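Across the two complexes that follow, subunit A remains constant while its partner is subunit B and subsequently subunit C.
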Partner chain A sequence: MALPANVYKDLEDIVGSRNISGDPAVLDSYRYSLAHTAIHLGPFFDTFTPRGACVLLPGSTEEVRAIVELCNKHKIKFKASSTFWSAQGFPSEDDTIQLDMRRMDRILDIDKKNMFAVIEPGVIGATLQAEVMKVGLNTHIPGSGCSCSTLASATSYFGSGPSNLYGGWHYDNLLGLEWVMPTGEILRTGSLGQGCGWFCGEGPGPSMKGVARGFLGSKGSMGVYTKCAIKLFAWPGPECLPVEGTIPAYRTPLPDNFKAYTVAFPSWKAWADAAYAIWDAGIGYLAHRQFNMFGRDLKFAMVKILTDPTKTLSDLEELLADPEVQEITEQSKREFQIILVGMTKRDIEWQKKAFDEILERTGGWKVEAMDEPHIHDWVLLYMIRLGHKNLNLVFGGGYDGCFGLLGAADYGASNAEEAALFKKKWEKRGAIVDAGGDCMMGPIGGQGGGGTCLWENFTCFDSADRESTEGTFEFFDACTRFGLEKGWGVGMEKWNAVARGPDGKTTSKKKRDTIHLGSPQPSVFRYQHRVREAFNPNDLGDAYYETLDDT
Partner chain B sequence: MALEDFALETDRCSQCSYCKWIPFDQMKSWRFAKNCPSVSYNNFNSYSARGRYAVSRSLIKKQIPYTDTVRHIVFSCMTCGSCDVSCKICRYNLYPLEMVRELKFKLVEDGQDLDEHRAVIESLKKEQNTMMQPKAVRGKWAEDLDVPRLFSQKAEILFHAGCRLSYDTEIQSSAVAAVQILQKAGLDVGIMGEREICCGGRIYSMGYRDEFARFAGENIAAWEKAGVKTVVTSCADGYHAFKRLYPEFGSRVEVLHTVELLHRLIMAKKLEFHSEVPMTVTYHDPCHLGRQGEPYVPWNGVEKKIKNQIIVYEPERPRYNGAFGVYDPPREILERIPGVRFLEMERIREYSWCCGAGGGVREAYPEYSGWTAAERIAEAKATGAEALVSACPWCERNFMDAVGDDSMKVFDIIDLVKLAM
Partner chain C sequence: MNGKMTDLMNIVKEAEIIDDPAVIESFAHGYRGDVPMRPMFMVKPKNTDEVQKIVRWANETCTPLVPVSSGAPHLRGGTVPTAPGSVIVDLSGMDRIVKVDRRNRLALIEPGVTYTTLGPELKRHGLRIAMPLLPRKNKSVLTSLLEREPVVSPRYQWNMMEPLRALEIIWGNGDKFYSGGGVFRGEKEEDWKRGLVPVWGPGPGQLDFYKFVSAAQGSMGIVTWASVKCEVYPECRKLFFVPADRLEEAIEFVYLLLRYRFGDELFLMNKSCLAYVHARNADELESVKDTLPSWAVVVGITGGHILSKDRVEAREKDIRDIARGFGLKFIPQLRSLSGKEFGERIMRPCEEPYWKSRYSGEVQEVFFLTTLDRTPGFVAAMNEEADGLEYPAERIGVYLQPVHQGVGCHCEFIIPFDPDSRMDTRKTEELIRKSSLRLSDQGAFFSRPYGIWADMVYDRDAGTKTATKKIKEIFDPNNVMNPGKLCF
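And now, the complex of A and B:
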């Protein structure tokens, strides 16, 4: 159903005729395929999120406020998204207005002294990082990569990534926030709300971070965040990353205070012990089990392809048959990547020694092949900028993570092999990429400074192939059953299935209530229900802000 | 191919939006981080490669009708290929530039082309040029040159001036200079003069595949008849057409851009500079010489899967990701010119920002075309350069039009070579 002409006209008056469209061709470019990367939801073959009622490109907070007020007047649902990485940013119901925040993309301030930046929704990790590096600072980039909105990651999700270890995940890093609430009122939180500037998320002034974000972020369901301040951290490197090499094998040769290692261990226990020791020692800038996302059997061959501009996926089988590649693959079964960055020469020397000591104690070793200069410098650039996130989808255009064991290093490490074996059996059925079972990847230090790891087992498939897509879904169902059987709980493969169903639309209340009532802490969702009633009385968002009304 | 051949790709596009940005690894600032003029100017997703995949899918599945908006979405693409480069950082089985070309072909075949483009085609059919000028005066630019006309004389090397340089009197001195320099270096060079016809490159990028094929056939036949071994051109559009597209139609001649040949001559010390050109310059990589200037690799293969679901091609398919375009020769020429101080812009080589003249955009949407050029001029100014140098007359013309009374000078690289000789 198209919007009534008078409503469309009112919206056009707010944003201008260039910034509104109701054309089906435009609207279809704002539909998200639930086949190729369902982001913990499906996948569902040939299924798209609903077509919006219109798309708006607001250019200011005032325009957003006016849009939201109009939506309240006419009881029209709206959904804002900045960089559209996942299904979460797209409408869940018919006749929803899609707000594309890309025009609001300014970096409003970089406060070098107090180490924060004030940004609008359209600012992505890469541009923010490029700008703050000029003044000796860096920004955390979430696991979704530097193409994603920093504000969205901080306000609407949890923003975990390789630099959790030193930079803190984005939930931690969110300072002042400007929020166009679901009713259209504007709330400024933390120190900003008291007129004291952007420096603090909690006060003086209204400490509304928990209310605004809710459980794991409100994902565009509770109004629109139009500005925020984000905490930055030290960057003791050049003002601009020096980039060499031929596309796509770009690499950055950095000074001696930067060192990238791929390290492997004789057992998962040793792997976990090393993680604890790294956190205890307080060393490391970024740490991630990164390249295992290609799979235990494929990862080094993939590194060879990605670091050689003359190679393609067609070279994969030949590389896998190479005895040298096989040997390196075997020796790096249980590995992760870590980047040490010294604030001074003395610091890097100390960190290197401490790290060597950790390896000695745990029996770990450095994978020498990953220390070849062209690979080392490629790893540095890959991890620091995180600009190759779309390699998730390199094989066939479809990927999603399953299991997602979140907890102390021991927790994932002690279950990783069993999960991998389970997946390996399913790989033999043919629907998903045969990658060696263990495609577990995730941060070493899931919270700022350490504490947890996340083990997400990447599952790759062909999104344009019905058998592959449906076979993957069948596998994910089996993962859920296996996870429950093992006491791990429901894995990441179904994280968002509570909010959106196989038809791309909001799930039924009955289904949501059943899931929330079965969760370990249903009261969280009851509390959110009360929040939603108070802040979003016309319920103009969708079920991604999870609520439980079991009265 | 047909648009339907891209149906699988429309489902395999990851919707990641990498196509809207230069390679993230290469980002140096907020200001110059975007790569696609189309989505940067129009903002809606549909104006990106990702959006055009969605539009293609909806057209294939007949979920949307043709509208003015669809035509605007499709023909706003300059086919500059920057989306293709960024996409292929991570993807080895998507070809967004080929998809968007196919989308244009389909609209033209379905009679959905633009009036502005139709006017060009109608004139082209009659006058054999895209400048809407009479063919009788095509050779006028060279009337004072003592150079063989290869429709009646013989030479190993053909210098193809192209439509823009043949008719644009303000900039065609660079064509004259190119021929004079090659002659001075002792090369056996000739021209087609008034018998030269359009390469077809620009109409190909507007979506007129059949018309392009006709011009390709006629040019190849003329070259064979004249016994030409090498075709040299200063036009990046022509270079791309001859080098990448003509081999499909049977062309076997060597194709060189003037900068490649000049570079060879300089390296072989057959061309030397004697005069200083005291100027701080920056260089704009033309899309069709840079990222689209990679050599043609014949391929007639099929898709297959390995390791269950990894999509590869049998035999290996050329990637065309801009890795091996023509980037270094022009830079090395500039660096060898005495007095020239060469500065790089932020977006260069395979991730260069387009000049705005391509894909029929200059003809159909002049304001947007001018905005695109102005963006590049702003980037050039940010380097501190006083001159913006390129190696394509279409880029040069678009920049000159956008500069207006501004202080930035615009040159073809041959102009500087000539000054230095």
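And now, the complex of A and C:
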């Protein structure tokens, strides 16, 4: 259904005719597949999110406020997105107005001394990082990569990634926030609301930032965030990342105070011991189990391909047969990547020594092959910039994460092997890429200073192949059942499915209620319901804000 | 004994109920313009169940509750009843350290656990907790963190709530709730073994529940346990001073340390504040003060459990080089003030008498958040206000504590006065009132609005006030939790 002409006209008056469209072709480009962490389009993966009523590109907070007020007047649902990387950023109800925030893309301030930047929604990680590096600072880039909006992840979703350890996760880093609430009123949190600057998001008194974002954000269902301040951290490197090499083997040679290692361990217990020791010692700048996303048995061969411009995916089989590659693969079964960065020469020297001591105590070793200069510098660029997101889809054009165990290092480490083996059946029948051992990846230190890890099992498949696509769906269903059986809860393969059904639309209330009532603490969703009633009385968001009625 | 007391006694049979006039009277001190109210009586629950029963009873009988966890005296007025017929819920008897987990560096504590009891227990496990500066001996760890008191180690503060993590909360409506991991409650020993530990602070879900009870002065609910993140107990540590004639001279140096996250303890003090920490009594104070520099940065360096000495050595050399680069000295002793002794002192709660009241017997504080670069302007404004009221500005202790890894700075003025002198008391009150308004106009963020600051901040920000009231309505619809505080 198209919007009534008068409403369209009113919206056009707000944003200008260049910044509104109701053209079905344009609206279809604002639809998405149903996946949680990636887009899978193909003849056998062809369900889209519903078409929006119109799409708007607001240019200021005032315009956003006017749009939201109009939506309240006419009781029309709206949903804002900034870089549109996952299904949660797209409507799940018909006739929703879509707000594409990309025009609001200014870095409003970089406070070098107090280490924060004030940004609008359209600012992506790559831009912010390039700008703040000029003044010796860096920004946390979540695992989704540097083309994603920093504000979207900080305010509205999660924000885990390799730099959590030193840079904090985006929960930690969100400071003052400007929020056009679902009613159109504007809330400025913390010091901002008092006119005292952007440096603090909390208070006065109980912190109302807690309404805007909890462990997770509101996923576009509770108004629009128009500006925020984000905490930064030291970058003791060059003002601009030097980049060398030939596509795709770009690398960044950095000074001696930067050192990337891949380290491996004889057991998961030793792996976890090392994580705890690293956190205790307070060393490390980035730490992620990154390349295991290609699969335990494929990762080193893939690294060889990706760091050599003469190689392609067709060389994979040959590389896998190479005894040297096999030996390194065997060595690096239970590994992770860590980058040590020293603020001074003495600092890096001490960190290196401490790290050696940790390896000694835990029985770990450095994977020497990853220390070849061209690989080392490729790893640095990959981890610091996170600009290689295309590689998530490298094998068959489709990938999604499953399990996603989240907790203390011991929690994942004691379950990883079992979760990994679970996929064998589907690998054997060719539904998903046969990666040998586990494909678990995620941060070593999922929050500032460590303490937690995330274990996401990468599942790569071919969305242009019926058997592969259907097999993957079947596998994900089985993962969910297995996760529940094991007491791990519903895995990330279904995080999206609570709010949105297989037809792309909001799941039935009955289904959602069953899920929420079965959770360890249903009152979480009851309180969210009450908050929604108080702050979003016309219910203009969608079920991505998870609620449970009181009755 | 009144009827309500008997009612409650029947409900919480085990809990102690006290109506001793001396105890009751001790809560009825006015604070910065609050009209003091005598509480009806005090109840001392022993466990979460009893707390929940008390809150439910309060809802049924419309009885205001004022939760208290620390021992007396209560400095900031959060525990002065501002509604008639209040019942004090004294949680100091819930003082178990439920669990210390070395591997995950977590401790699970009840509200009555003080820094005095927690410190040694953590040490036994090779841990410590980032502390506020010289808390009272009977200060509850949980309430200090809930009230977002700054800690002396900004580098461990990944957010403004650190090191507070998961909570068990009895909301004002009587509901029991687990914030943080939610699932990972840490109640069962086998969960700890499996790594199911209450390590998350935020959430669960899309609301940040622990932020609603933070800096709430007990007006949202009662927290019955909390998990707190700990640090490794250092095998070796040192403390240094960086003296400066003017505050401005030290600021750039501190910024660089913050950027590098060097310095495990890191804060600035003026001469008076240093003297208040150092001297044992008023007589010693004046003589100590004369020997001290106008300002000093205090920098603690610790080695953890791995190559501890090497770490301390490397840091010491680096920080000395950095100080030199700013033309500053980095020294282990400030005349009579030894870094070693100072370092040991700030690792423990304060000996009696409380350091802030050593000068004249009583103290008032003005504190707020800002950024470090703006602090000289606030110090100048406070001095001007003091001069204007003929309050001796040199008495004012200034404590500047970077927070949240240096993004912000807690700025605190310690204003001693003689409670027996009406003149001094009046002047001090006037100074608090006038300076608070002026500093607020100048951009000071009173993020923890005690007493007269509450109206000041909520009148400035209608949006936050409305939102805060909506949240209160959800979690404490009958306004039984410490009514009259904040904007309730």
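Criterion: the second predicted complex is superposed on the first by the 533 of 551 C-alpha atoms of A that agree within 3 Å, B and C clash if a C-alpha of one lies under 4 Å from a C-alpha of the other, contacts with A are read in each partner's own complex, and residues count from 1 in each chain.
One rule holds in what follows: a residue touches a chain if its C-beta (ideal position, glycine included) is under 8 Å from a C-beta of that chain, and two chains touch if they have at least 3 such contacts.
All values reported here derive from a predicted model rather than from experimental measurement.
Enquirer: If you stack the two complexes on chain A, which partner ends up touching A:S147: first (subunit B), second (subunit C), both, or neither?
Expert: After superposing on A, A:S147 lies in contact with subunit B but is clear of subunit C.
Enquirer: Classify the contacts of A:P266 with the two partner chains as first (subunit B alone), second (subunit C alone), both, or neither.
Expert: neither
Enquirer: For A:G193, decide between first (touching subunit B), second (touching subunit C), both and neither.
Expert: In the superposition, A:G193 touches subunit C alone.
Enquirer: Kindly classify A:H388 by the partners it touches after superposition: subunit B alone (first), subunit C alone (second), both, or neither?
Expert: In the superposed model, A:H388 contacts subunit B only, not subunit C.
Enquirer: Based on the superposed arrangement, let me know which partner A:A234 touches: subunit B (first), subunit C (second), both, or neither?
Expert: After superposing on A, A:A234 lies in contact with subunit C but is clear of subunit B.
Enquirer: Kindly classify A:N19 by the partners it touches after superposition: subunit B alone (first), subunit C alone (second), both, or neither?
Expert: Once the two structures are laid over each other on A, A:N19 reaches subunit B alone.
Enquirer: Quick check on the superposed pair: does A:P255 touch subunit B, subunit C, both, or neither? Answer first, second, both or neither.
Expert: neither
Enquirer: So in the complex, which bits of subunit B are touching subunit A?
Expert: Counting only subunit B, the residues touching subunit A are 7-9, 11-18, 21, 23-30, 33, 43-46, 48, 50-51, 54-55, 57-58, 63-65, 67, 69-70, 73, 85, 88-94, 305-317, 319, 321-324, 350-351.
Enquirer: Which bits of subunit A are touching subunit C when the two form their complex?
Expert: Those in contact with subunit C are residues 111, 113-116, 136, 168, 171-172, 175, 185-191, 193-197, 199-211, 213-219, 222, 231, 233-234, 236, 276-277, 279-282, 343-344, 346-347, 349-350, 353-354, 357-358, 407-414, 447-449, 451-452, 489, 520-521, 523-525, 527-528, 530-531, 534-535, 545-546.
Enquirer: Inside the complex, what are the residues of subunit A that reach subunit B?
Expert: 18-19, 21, 23-26, 28-33, 35-37, 46, 55, 57, 83-85, 100, 102-103, 107, 123-124, 126-131, 145-147, 240-241, 243, 246-248, 250, 252, 298, 309, 312-317, 381, 385-398, 427, 430-435, 460-465, 468
Enquirer: If we count contacts the way the header does, which residues on subunit C are in touch with subunit A in the complex?
Expert: 103-105, 148, 156, 158-161, 175, 177-178, 181-184, 194-197, 199-200, 202-217, 219-220, 229, 232, 255, 258-262, 304-307, 310-311, 314-315, 317-318, 321, 369-373, 404-408, 440, 443-449, 453-454, 457-458, 460-461, 463-464, 466-468, 470-471, 473-475, 486-487
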